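Pasting in a structure now, in structure tokens, and then I'll have a few things to ask.
Note that the chains take the letters A, B and C in the order they are written out, and that residue 1 is the start of every chain.
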Amino acid sequence: MDKDFSSRRRRDLIIAAVLAAIAALVPLFVKDVYVQNIMILTLMYAALSQSWNILSGYCGQISLGHALYFGLGAYTTALLFMKFGVPPWFGMIAGGLISAAIAMALGYPCFRLGGHYFAIATIVIAEIALLLIQNWDWAGAALGIDIPVRGDSWLKFQFTRSKLPYFYFALVLACVAWFVTWWLEDSKWGFWWRAVKDNPQAAESLGVDVFNSKMGAAAVSAFLVAVGGSFYAQFVSYIDPESVMGFQFSLLMALPAVLGGIGTLWGPALGAVILIPLTELTRSYIGGSGRGVDLIVYGSLIILISLALPRGLVSLFSSRKGAAR
Amino acid sequence: MTALLETRGVWQRFGGLVANSDVSISVGRGEIVGLIGPNGAGKSTLFNLIAGVLPPTQGSIWFDGEDVTRMPAAERCQRGVGRTFQVVKSFETMTVVDNVIVGALVRNTVMREARRKAHEVLEFTGLAARAGVLASDLVPAEKRRLEVARALATEPKLLLLDEVLTGLTPTEAQTGVALVRKVRDAGITVLMVEHVMEIVMPLVDRAIVLDLGKVLVEGKPADVVRDPKVISAYLGDRHAQSA
Amino acid sequence: MTTETIIQSLASGLLMGLLYGLIAVGLALIFGLMDVVNFAHGEFLMIAMYATFFLFAFFAIDPLLSAPLVAAALFVFGALIYLLIVRFAMRAKANAGMVQIFATFGLAIVMRGLAQLLFTPDYRSVTHSWLGGKTVSIAGIFLPEPQLVGALVSIAAFAGLYFFINRTDFGRALEATREDPGAVALVGIDKNRVFALGWGLGAALVGLSGAIMAVFFYIYPDVGASFALIAYVTVALGGFGSVFGAFAGGIVVGLVEATTALVLPPSLKSVGIYAVYLLVVFIRPRGLFGSM
């Protein structure tokens, strides 16, 4: 058993490394900016969904308000940069830490709530934050922030001539989120989280600190999502409250993990790789005619996958079920 | 030598309902004690008070020389109280061995050691062959066994068993009884709640009978089963008693 | 701020709250029956509003008259959605909760897409109706007629629902199924039929509220989203699954919204609702009327 187990862990790590290496080489052959853009978004969603998965998939606390942390990351970075000239790298760390702290502060009262009451509390809190930012003039209110372009530089994390630096950063981010999950999966935290998800009362009787398990998951999850948010702000160089903090975005972030396989190591990445290109392609090829056909295709796909594969796409690879095995 | 577990004048009220009234029991080190009584006698409530699910309305609970009355369940587990649940609460999406690892993490911080400990316990409880199976795929008797294995992995001084033998086939019950003996032989004190007397009487060193929230009789199993008070409590002849 | 302004806005808050209750009650009914949160609830409202609009635009039927028709159409629609989608989502052996959330979320997206495709993203409105734009004055307080009638319809609908659940065979079957689906099968009630009817009834109630909303609200493909969130909060505030709770929750939401609008800028009026929701569940984790 032990041998099987450690060899499976090693295999996961090797597969991830190979996939990351292949991904890193792709831009050498694919020069099309449109395609590169899709790849960057795919990697970003993989990272975000992987982070969401830590709190909601592993620890079982379904958050439908993670856009809050994404928005906090984006706004912290953008505001620090624009108002005080703080390099985005610091903004990224600051945004991550602020988000983690806020996630814990909110977790304190919210983790007492069960199921749907918790999920709705997460929506409502994100929605309050959204409304506040929309009315906060200093932060650009509903119009958002146009991040001033000050030329290509790694220090300022701005690149106008090529999208490649963004691509590689997104790749690193996706890898970090994956690796953190991989690492925590076989740790006390990973086991505590899954125990808390499956049965908190039994977990407690086995010495699991249920409350702090949730707090830990919330902090890690929020930190990583906020880093994603900061990245996004730099990448698109324009943010507005609705697009980074809206309810829809919270659901979109959860979607790859849910369709790929919630609470599994590979689910979020797999879900993102299939879902995001599909979204973007339907949007530009069918959506171009306006008229919502892209939404119809996209929505039908969500219905079909969630009905046909409740364990997610990873269950197609029957011998490998990520964390579920 | 002090008892391992002691409840001193424990009361539990739920609104107007008195589930436990002035219950004082003790469990000595190395004993197998049976806590029995008819339905609604307050066994489960007392069990939950001891496990730390909720604090008693009044009275105190002492474990291993320490007042644990208000200590949460997770901390009691660290002190050495392990428990099972009457309605099994397996971690359904986790494998059998992963279920047990959760328990083993109480005393082993290094994953590799926790994993080894878990396999050891699975061997001990006869579940080794099922280690890689999802808990949701176990048959009911195996799930009961997993409950015991998980609790044992926490290396408890006191193991609380909540109706682990109820509802099993005679063969399964026999294997269960053998397992409880084995646990005691490993130096672990056992307090077991059972509804059906026949199953536990041959197994326990001492039986405590609860009725209407109070300790009715306490003593050697052979004496207890013959006690007219116990017989009438089980037959439901309450009028003779409560007078 | 004068006393009149306060009374005036509380009165309109109350009316709006009764309507919120009506919008939300279908959600509560379905949740109570089978533990499913319909994430396409807002889109149900949206199509009800469109249905009302087209009946008005093509056949010049006043929303007040078309309301029963719309409710009936939504009944069929809701039952079909159950039979075609939700039934399968409930069979999921793993992650049932997530499957339900995202199957209905997918449905919401499809419905929005269809609305854009068939009805275009343009804003529509019922330009003239018996009630639209009129107000009545009661004891010096001006009340808009659409909201007033909406509130009355809501009260009537809740009374009818109460009667229905407590006094009719189907209502009792509904109640029994909600308490113990397994046992119900034993006495020969077809669970799927009850659930389908439950979805139909829930959707019909949304249909009713949609017809009234169409009188005084713009109609566009995304209109459901903002009301859906209010509906979730309303249902959760009342206590998930409690039909009476949705009624009370709606009133609370309406009054809180009106009060917030008195002190904060209009764009922040929802903040009050959300804050009250949090306050309530932090104190009572199962809402105002949720059973433990």
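Criterion: contacts are C-beta pairs under 8 Å (C-beta built on N, C-alpha and C of every residue); 3 or more make two chains touch, one makes a residue touch a chain.
Since the structure is predicted, the reported quantities are computational estimates derived from the model, not experimental observations.
A.B. asks: If you tally the C-beta contacts for A-B and for A-C, which one comes out higher?
C.D. replies: Result: the pair with more contacts is A-C.
A.B. asks: Which chain is most remote from chain B in terms of Cα centres?
C.D. replies: Farthest from chain B by mean C-alpha position: C.
A.B. asks: Just curious, how far off is chain C from chain B if you go by their C-alpha centres, in Å?
C.D. replies: From the centre of chain B to the centre of chain C is 48 Å.
A.B. asks: Centroid from C-alpha atoms only, then distance chain A to chain B, rounded to Å. What do you get?
C.D. replies: Whole-Å distance between the two chain centres: 43.
A.B. asks: Any idea how many Å lie between the Cα centroids of chain A and chain C?
C.D. replies: That pair's centroid distance is 32 Å.
A.B. asks: Spell out, as numbers or ranges, the residues of chain B touching 2 or more other chains.
C.D. replies: 93
A.B. asks: Mark out which residues of chain C touch at least two other chains, giving numbers and ranges.
C.D. replies: Chain C, residues with two or more chain partners: 94.
A.B. asks: Would you please write down the residue numbers of chain A that are in contact with two or more other chains?
C.D. replies: Correct list: 263.
A.B. asks: In their shared complex, at which residues does chain A touch chain B?
C.D. replies: Per the touch definition, chain A meets chain B at residues 1-2, 4-5, 186-188, 191-192, 194-195, 197-199, 201-210, 263, 324-325.
A.B. asks: List the residues on chain C that touch chain A in their complex, please.
C.D. replies: 31, 37, 85, 88-89, 92-99, 101-103, 105-117, 120-121, 221, 225, 229, 232-233, 236, 240, 265, 267-268, 270-271, 274-275, 277-278, 281-282, 285-287
A.B. asks: Quick one: which bits of chain A touch chain C in the complex? Just the residue numbers, please.
C.D. replies: Spelled out, the residues of chain A in touch with chain C are 62, 109, 112-117, 120-121, 123-125, 127-128, 131-132, 134-135, 247-248, 251, 255, 258-259, 262-263, 290-304, 306-307, 310-312.
A.B. asks: Quick one: which bits of chain B touch chain A in the complex? Just the residue numbers, please.
C.D. replies: Residues of chain B touching chain A: 51, 53, 72-75, 77-78, 82-83, 85, 89-95, 97-98, 101-103, 105-106, 109, 111, 115-116, 119, 131-132, 134, 150-151, 153-154.
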